[in-house]
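All chains are identified by letter, namely A, B, C and D, in their written order; residue positions are counted from 1 within each chain.
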Amino acid sequence: MDKVTKEKLIKSAMKAIHYAYHPVSKKGVGAALLTQKGNIYQGANVQSVISGLGSCAEICSIYNAVAHGEYCFEAIAVAFPSAKGARPCGACQQMLFEFSEVGQKDIKIICVNEKGKIVEETSIKKLMPKGYGPKESGRDVSGYRK
Amino acid sequence: MDKVTKEKLIKSAMKAIHYAYHPVSKKGVGAALLTQKGNIYQGANVQSVISGLGSCAEICSIYNAVAHGEYCFEAIAVAFPSAKGARPCGACQQMLFEFSEVGQKDIKIICVNEKGKIVEETSIKKLMPKGYGPKESGRDVSGYRK
Amino acid sequence: MDKVTKEKLIKSAMKAIHYAYHPVSKKGVGAALLTQKGNIYQGANVQSVISGLGSCAEICSIYNAVAHGEYCFEAIAVAFPSAKGARPCGACQQMLFEFSEVGQKDIKIICVNEKGKIVEETSIKKLMPKGYGPKESGRDVSGYRK
Amino acid sequence: MDKVTKEKLIKSAMKAIHYAYHPVSKKGVGAALLTQKGNIYQGANVQSVISGLGSCAEICSIYNAVAHGEYCFEAIAVAFPSAKGARPCGACQQMLFEFSEVGQKDIKIICVNEKGKIVEETSIKKLMPKGYGPKESGRDVSGYRK
């Protein structure tokens, strides 16, 4: 990922913060997912008043990419609403892990704080070196590699 | 909703079927959400190998709209992969109900079968006349009406 | 369901309120599920700080029953923390609908308010007359009828 | 955890496999959660036909403990239906992480294969050294330490 793309990805994640629907926590998180084809899909957290519904920004950006027919990802930038930033939660890591098997490629993770400053650069393979995805569960996902 | 918009909405839902990620059930569902501003956001079902993760097409289209800063909806078309079609599941009804309170308007639901034929026209207020949303839980969502 | 069982079920749901884990909303909901074998399983809402994780009390009581090898249900009592009470959310209705197909029997729903007063008596077939469950999706669940 | 308790915990997880409700994947997973008070709560995976609903065995065992008023955990044994075994998924890791903050103690994780043989012994702090829980989100959970 070149510097220009990286900056564009981070800006996109920062922008998405303002789109978050968070009537419960009042804390917006933004995400921007870069696909292997070079497209960027945004996501923002969506909160339900019901426990178990709603979604983090990262998962939302994955769903957005899928809704446009893309399944193979390169990198994700996530903008968290605090100075220290944060990391994708376990559920988001799980989904990123599954799609890293679809795309047959590790997915870079860039975490930025509320000011857009990078607080951590990692990858799904680093956060989840041994996971359970379509491969481990015997599901064929080769048809999504296009 | 005029006839042209309705046909466009149904076509969009039909198109989204082909974008679904469904390594588990092999059954794609497509959705298209019309916002009060007149924009259409697509959604397709996304299946995780983990119980409790993943999303129906309808919810996916809502997340897609939120990721673009829209929270007030007019209608949703859902394309189901069978001759008889189907209805949005309970979780999708719940999310539609919550956003009908945000948008202060009932949301039309158009269910079509795998060939695009309308099998049912209903609305979230008809399916869920008495629900639990942000209003009932005391959450202020007036800021999302823009 | 005789009067004694009904009162026991409501008491059990009321008791479960106090077990709820709700660091986010501070509102506890309790549920008690009566199986066709006559056993009662409690559930309380569990809130994650992550959107999309956690569970309502009703679903929790279903999981509790499953964890004990029971899948066929008769009735559920739900105790809501307000004078007006409430109804099971869409996600809970969906799960109850699915298990009503497993148990081949409608499931009674008794909603009580914070004082244990019945505010509504209904059933999953009434709330969701046309749903999408294992039958509609072609899954054989006859093995769970024991 | 002494040897007897550990064996009891593993046996309980093995037993729970047979209670799983898995009309979709036909693969049962069992879990047994040991609380700081020394009680064991079982969990089995529950599959919905709807993407996004249902639960893994580990989360189910946590909900079961909460439904009995326990929030502080010591260890969890998980029995996976394969020779190689597996690890708790990201969503389960997230929930275990949150409750490790409630209980102010790392939670041991014992993964066994379909024959009950230990394939991995780890802990939530090892799998998720830096997570996002009630502490990071500013939620007070001290009231659940009892």
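Here is the rule we use: a residue touches a chain if its C-beta (ideal position, glycine included) is under 8 Å from a C-beta of that chain, and two chains touch if they have at least 3 such contacts.
None of the values given here were measured: they were computed from a predicted structure.
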Query raised in the report: Chains in contact with chain C and with chain D: which ones?
Result: A, B
Query - Same or different residue numbers at the chain A/chain C copy interface, by half rule - result: same
Report task. Starting from the Cα centroid of chain C, hunt down the chain whose centroid lies farthest away. Result -> A
Report summary line: Distance in whole angstrom between the CA centres of chain A and chain C is 33
Query raised in the report: At what distance in angstrom does the C-alpha mean of chain D lie from that of chain A?
Result: 25
Query raised in the report: Taking each residue of chain C in turn, which ones touch at least two of the other chains?
Result: 24-25, 46, 48-50, 52-53, 55, 59, 89-91, 94-95, 132, 136-137
Requested in this report: Could you please specify the touching residues of chain B with respect to chain C in the complex?
Outcome: 25, 27, 52-53, 86-87, 89-95, 97, 128, 130-132, 136-137
Query raised in the report: Where on chain D does chain B make contact in their complex?
Result: 24-25, 45-56, 59, 89-91
**Report entry** Contacting residues of chain C [partner chain D, same complex]
**Finding:** 16, 18-21, 23-24, 41-44, 46, 48-50, 52-53, 55, 59-64, 66-69, 71, 91, 94-95, 98, 102, 132-134, 136-137, 139-141, 144
